[in-house]
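One chain, chain A, appears in both complexes that follow, with chain B as partner in the first and chain C in the second.
Take a look at the complex of A and B:
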């Protein structure tokens, strides 16, 4: 692959993380445990969709077939999606959704901060805006983590279940493939080991505040960025792309 | 019947204030029935905003473009926000939100019957914004002058957002009507199913309306059901015709003299059936809301006020 293709690949990865996480968050719309939290989750979803669109708009300028952001979002199959595995996991209950958001927003916060000094100016500009949103999402999720951790027996039990379920998907964020390494050599993307270190220190702090232990060594899943996904993604795309499959070529 | 002789000085003063179009505030003296009527109406309005999130939420995951998805999410978020203002306005009358929600779940409080109809295709999202929010605005613009201050102020803000909702709904209908044959069919199908329920939103004819007279006397309600319905009809039918939608009313007539449309008879049996709980979605909407606020999420609410 040449560098243009590598960049295209990376933009899709960033976009797909946001789009899939945003779609999952939108599942809470009209389903939140209380009105205020329903609105907060819809807000987060809107932020993520906006970020996804920014990355896809950029990717579309590199697309050789002249596709736009909507074509890319609604026209690719699951093997052509490159998001990390964590974001496609089902919402489960509120605790699962908040732990998922915590792990994801901590990653985004650190990645975007580093990307603000990317040699690619457009990426740097997108991330300078997006990092503010990621910080807010992180604050929201870490507040809830603490509340649930220090709350009742039930809230702690649900939080622990969520951690056990989601922790094995976290190492996936820091995988580097050849395309990524080629961009790194050009100073377009940061060293993932650094991002991982910062991510872990954020997570350690939140767990410490909640008096919850970090999970021990468990098997970590790999994939997503190579187009191989868990079974959940296909269902999510089925729903999201339904009108495009039912009415090919229609303009909305 | 109240006569000046048997009215208390407080009641006389209250009625004098209403006569001068003064705004009544929560700490002011008010007749118990005035407060009761308002609480019923405002909490019903709040519940309607929140239950109304469901039929639209039903399409948010299938919205066909980034733009459509973002607009729909923002719109549903607005509706939730309206619910919050209105619950707060109602709370000034002495009942808290959780009690109002209990009343909803027990069937003692109602929400607008319109949300007991299903949202079946993407054009329904257009029809809900254009017709349902369109009908709501006509009513709410009138309520900006309602006599109870917190309700009137909530309406001012809500109307601004609703007029945006109505435009986005109409925009979807325009796009669908300019689209392919299947899209035009979806739009007409949505029109056929939502037109009459939207007209029913204004409530029974004035001669059959149980609450209208007293509410108008108290200036809670400023214009009658039939007056508001006619305003909506005259505003909306030209919009339908402009994009090529048929109005599903074989008896519809245009009166050249009054420059006004005369609609056919509304099916009040259907209206009463839905109010009695026999609409297509009555059970689903309420059980969804009970589940959302139910035991499975109680552990979250317990932690709301910590930290």
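Take a look at the complex of A and C:
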């Protein structure tokens, strides 16, 4: 692959993480535990959709078939999606959704901070704007982590179940494939080992504040960025892309 | 804040400053179980469309308020005191927010 293709690949990965995480978060709309939190989650969802659009707009300028952002969002199948596995996991209960957001927002916060000094100016500009949203999402999720951890027996039990369920998807964020390494050699993307270190130190602090132990060594899942997904992504895309498939090119 | 008759979280009053130097005005109320949640809920509900740059959150039960029965005794005596209004001064052009 040449560098343009590597960049295209990376932009899709960033946009897909946001699009899938945003779609999942939007599933909470009207189902939130209280009205205020319902609105908070929908706000987060809209932030993520906006970030996805920024990356997709950029990717579209590199698309050899002349596709636009909508084509890329609604016209690709499961195997053409490159998001990490964590974001496509089902919402489960509120604890699962908040732990998912914690792991994801900590990753985005550190990745975007590093990408602000990317040699690619458009990526740097997108991330300078997006990092503020990621920091806020992290703040929201880490506060909820603490509340659930120090709350009732039931909230702690649900939190622990969520951690056990989602922890095996976290190493996936720091995988580097050939396309990524080629971009790294050009100083367009950061070394993932550094991002992982910062991510872990964030997570350790949040767990410490909640007096919760970090999980021990467990089997870690790999994939997503190569187009291979868990069984959940296909169902999510069916719902997300339905309208576009039923009414191609519809506008309002 | 423990006197909830239903399962709602405690009530907080939201105050927003629109821009630097502007007065901090009451905007509405939200429910939250702690200070940080109150700030975030107010941010998400009242400042999503660029309504402000500063938030104050006050537990509703910390507010001391007059009651409707006080209205006559508290406020009617001000009705006929026109001289208390500084309306006899010329306000220079360009002075706003008065």
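Note that the second predicted complex is superposed on the first by the 246 of 252 C-alpha atoms of A that agree within 3 Å, B and C clash if a C-alpha of one lies under 4 Å from a C-alpha of the other, contacts with A are read in each partner's own complex, and residues count from 1 in each chain.
In this text, contacts are C-beta pairs under 8 Å (C-beta built on N, C-alpha and C of every residue); 3 or more make two chains touch, one makes a residue touch a chain.
Predicted, not measured: the structure shown is a model, and the values here were computed from it.
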For A:124, select first, second, both or neither according to whether it touches chain B, chain C, the two together, or no partner.
neither
Which of the two partners, first being chain B and second being chain C, lies in contact with A:140: first, second, both, or neither?
second
Could you look at A:116 and tell me whether it touches chain B, chain C, both or neither (first, second, both, neither)?
neither
First (chain B), second (chain C), both or neither touched by A:43:
both
Touch check for A:34: first (chain B), second (chain C), both, or neither?
both
Mind working out whether A:200 is in touch with chain B, chain C, both or neither, as first, second, both or neither?
neither
Quick check on the output: what are the common chain A residues between the chain B footprint and the chain C footprint?
34-37, 39, 43, 143, 147
Given the complex with chain A, which residues does chain B contribute to the contact?
50, 53-54, 56-57, 60-62, 64-66, 68-70, 73-74, 76-77, 80-81, 83-84, 87, 122, 175, 179-180, 182-183, 288, 292-293, 296-297, 299-304, 306-307
Going by the contact rule at the top, pick out the chain C residues touching chain A in the complex.
8-9, 30-34, 36-37, 40-41, 44-45, 48
Write out the stretch or stretches of chain A touching chain B in their complex.
23, 26-27, 29-39, 42-43, 45-46, 49-50, 52-53, 69-70, 73-74, 93-94, 143-144, 146-148, 150-152, 154-155, 158, 239-240, 242-244, 247, 249-252
Complex interface listing, chain A residues touching chain C
34-37, 39-40, 43, 139-140, 143, 147
